[in-house]
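First chain written, first letter: the chains are A, B and C, and each begins at residue 1.
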Amino acid sequence: MRRSVPLLIVSITGFFMLIQYFIPLEESEWLYERILDWIIVIGCFAMLLGLWSLTYVSVNKVKRKVPGWGYNLVALSGLFFMLIVGFVPGQESLVRGSAFMHLFEYVYIPIQASMFSLLAFYIASAAYRAFRARTVLATILLVSAVVIMLRLVPLGPLSGINQWLANFILTVPNMAAKRAFWIGVGLGATATALKIMLGIERTYMGRD
Amino acid sequence: MRVEKEKMVLDRGFSYLLLLAFFFLILFSTNSFAQDPSDTLAPESVTNVDAFDTPNDNGHSITVSWELSSDDGAGKNNVVVYEVYRSDSPEGKFEKRGMVPAGENTFEDQGAKEKDNANYLPSHKNFYYRVRAKSDGLFSDSEISLPAYAYGQWYHTGKTPVLVAVILFSVFAITFITLARKGKLFYIRPLAGIEAVDDAIGRATEMGKPILYIFGLGTADMIATIASFTILSRVAKKTAEYQTPILIPCYDSVVMAVAQETVRAAYLEAGRPDMYKEENIFFLTSMQFAYVAGVNGIMLREKPATNFYLGKFYAESLILAETGSIAGSIQISGTDEIAQIPFFVAATDYTLIGEELYAASAYLGREPVLLGTLKGQDWGKAVVIFSLILGALAASFGFQFFINLFRIQL
Amino acid sequence: MDLYDQMMNLDRRWVYLVIGLVVTITAILPFKVPLYITPEVRSVYNFIESLEPDDVLMIGVDYAPEVMAELHPMSYAITRQCFSRDIKLLLCCLHQNGPGMVEQVIAQVSKEYDKVNGEDYVYLGYKPYPGITILAMGQNFRIPFPEDYYGTTLDSLPMMKKLTNFDDIKAIINISGGSGTEYWINYANGRYNAKLAIGVTGVMTSDYYPFLQSGQIFGLIGGMKGAAEYEDLAEKGGYISREKDQLWAFKSMPIQTTTHIVVILFIVLGNVGYFMSKRKKYGKYEHP
């Protein structure tokens, strides 16, 4: 009973969503929209769950003074500081010039941008380690990577040839591989959905 | 006084004369100086105006079609646009619903479905249409169409190819599942990433370090995340047996809740419910790079023996994987996000590419029924490959019919 | 460990140091990089050139701060080109962290060209669920966005009087750092036949070439390089100028060039080390 009810809900909802896709009726649209609303509502409540989890875990670590508890303290203060600033009375928080937007623009944006720019360093070190001509296939990968990278480098008279080659790699082999990938993913996704709807795959409920 | 009055009469007479002359002048000039006399004439009206319910919709749209005016592209060739007018009675006031350029002969009168919307078009109510062929300033109206009403359909005929594919594929899958249930064994090619899972957990146990399991930025409704839940269940069972802690920082709180449940059940099944620690599966943040910073911090502080990155990943993939590599962890990754696969391939030890991620739970469990669906997938692929070859040939030799079989309307 | 092994197993901190140095030095001592303008970028530029004053162009801005280095230059260059040609803009945002990005662009550029909110441009604001929002906009902009970002009802904005849905705008340019682009392609173009061009990050670029080939999008501005090409075109068209420091992506091109060369050199270094150490191990003519 504890297993079959959730499985039944999954199956029925799954099949409904599948059938709904083929029915353009207004009533079917209405149901679909209600389900989307549900997702939003569930998401909002789950957000509270997340907030609770973060606070609980962090407060616990700070209280027990586990190694690295300082980081948890920083996370907690950041969370509540931003929350309080967002609720300053008499001020709309999402308009230009508000304290909240100042924090967004002058603290959040630069931090996000610098985290992202770490990629430049990591791409270099990962490329250095990964691109080794160990096998024929690895060599092909290496050569195409270099051709694509050289697109950005002025090569004088060779530029035209390189541009052509880079363009060819992007639009022919790259695209062919990508389409094959998407076909595989599409079939795999359908198979997974089918397995879940038929109740064959139920490990996500915790048990085989 | 009298003289003045006479002068006024004369003046007036003179101005009338002038006006008359001017009038004649205009008449004369339009008749004799115009290059093409047809410019002054309205285009021929359109014929056979037909209004009918727009197919495959929710019942708030009517399509109008007509035969082009004989002056559209031929004759006087002066049609610029067609304007479509609608009324709820043939005698009523017709209001303009839209226009299409010359050369077009259909118009979709798409209304809104909300009653309070100004553009509301009710279902099951008769409407009459009239089409106006317009040149510069001049126009001619068509006859009024027969009444038509909009109604919703029970089946979207434009999606038939999708339905056929879903049915065909389901038949394959169910056939192979049935065969598997009857005891038929299927061979599947080994996947290095999957074979490595057990070793990776064993390694963590030997080192006495935790395992880090990352779902990425996916929400609980994405197939990649669902596939990842099924893998987590197997991994968690192993970690419970080996008594190795598993850390799961989450980006989405619904994912967190499901992950907690999955791990709890796996520990229960392994007979070690006492080992389960809810605080090891926690929510971090729903901001991409704040999440990356949080996870990277955990990696560098806890130095996990093994990192799993299974689910939906975006630009954070490489930053996570490189940091994991700096921390010296064995890393197993898998995603269906194609742009991130190169990064994972470059920076982690094993990568499950796209559908391999979905198939992983079948591989890990080795249950015949799950393997059966993989076989069904292979047959699906065979059909796709076959259709691709036929489609390429059909396109090359101009057999439009075959290509149209695959056309989908949204 | 001999030299070849060292070449092969360089501590990654050396890589970071060299990259850091090269970026800094190039930023201080820039040079001019000749650019090859790709047809997919040129077609976006030429399309906007072909528009008449008072035509309406829609820009969907779907990106967060982290990708602003690549995508902000596109938004600025396109907005400036449109406003100097008196083309009206309809903007919307379908990324949760994006509304601030649109605000930045439109606040600054509208001031530069004395453009009035509601008359010369309308910013619809942010809505979650890009797929549903785009489908609804295809019917009527007022369904997902009854009010604009600033809380004014759309019907009271002069520019919106003639605009119902995608049929009334000349084209959509989606500048995006995430998966929202697929919704624009599938729904705005696929379902409603809207003319669509996209600007995406460098990583995403290769994903969208298939759509260019199939004609679902008419232009593609890819990453910093694409943005630089666009800026180059816009500068030649006289819409942005070097003196006013409006060519940001273009300015970053030398950095892109030098870092790419450094990455290639590191790859070469690793491979030379790999081959030489293998050769030493197995002798000159022997192979395993």
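FYI, contacts are C-beta pairs under 8 Å (C-beta built on N, C-alpha and C of every residue); 3 or more make two chains touch, one makes a residue touch a chain.
Given the structure is predicted, the values throughout are model-derived calculations rather than measurements.
Taken as a graph of touching chains, this assembly is fully connected, with contact between every pair of chains. The greater number of contacting C-beta pairs, out of the two interfaces A-B and A-C, is seen for A-B.
Mean C-alpha positions place subunit A and subunit C at a centre distance of 19 Å.
Computed centre separation for the pair subunit A/subunit B is 18 angstrom, with centres defined by C-alpha atoms.
Looking at subunit A, residues 112, 115-116, 123, 125, 127, 129, 131, 178 sit in touch with two or more other chains. Annotation for subunit C: residues touching 2 or more other chains are 12, 64, 66-67, 206-207. The residues of subunit B that reach two or more other chains are 287-289, 315, 338, listed in rising order. Of all residues in subunit B, only 56-60, 113, 123, 152-156, 159, 162-163, 166, 169-170, 173-174, 177, 221, 223, 226-227, 229-230, 233-234, 250, 252-254, 256-258, 261-262, 264-266, 268-269, 279, 282-290, 292-294, 297, 301, 315, 318-319, 321-322, 336, 338, 343, 345-347, 353-355, 357-359, 361, 365, 367, 369-370, 373-374, 376-377, 380-381, 384 touch subunit A in the complex they form. Across the interface of their complex, subunit C is touched by residues 36, 40, 94, 96, 101, 104-105, 108-109, 112-113, 115-117, 120-121, 123-125, 127-129, 131-134, 142, 145-146, 149-154, 159-160, 163, 167, 170-171, 174-175, 178-179 of subunit A.
Only residues 98, 110, 112, 114, 117, 119, 287-289, 314-315, 326, 338-339, 410 of subunit B touch subunit C when the two sit together in their complex.
Listed in rising order, the residues of subunit C touching subunit A in the complex are 10, 12, 15-16, 19-20, 23, 33-34, 36, 38, 64-69, 99-100, 103-104, 107, 128-129, 132, 206-207, 209-210, 213, 225, 253, 256-257, 259-264, 266-267, 269-271, 274-275. Taken together, the subunit A residues at the contact with subunit B in this complex read 18, 21-27, 29, 39, 42-43, 46-51, 53-54, 56-57, 60, 67-68, 71, 75, 111-112, 115-116, 118-119, 122-123, 125-127, 129-131, 178, 181-185, 187-196, 198, 200-201, 203-208.
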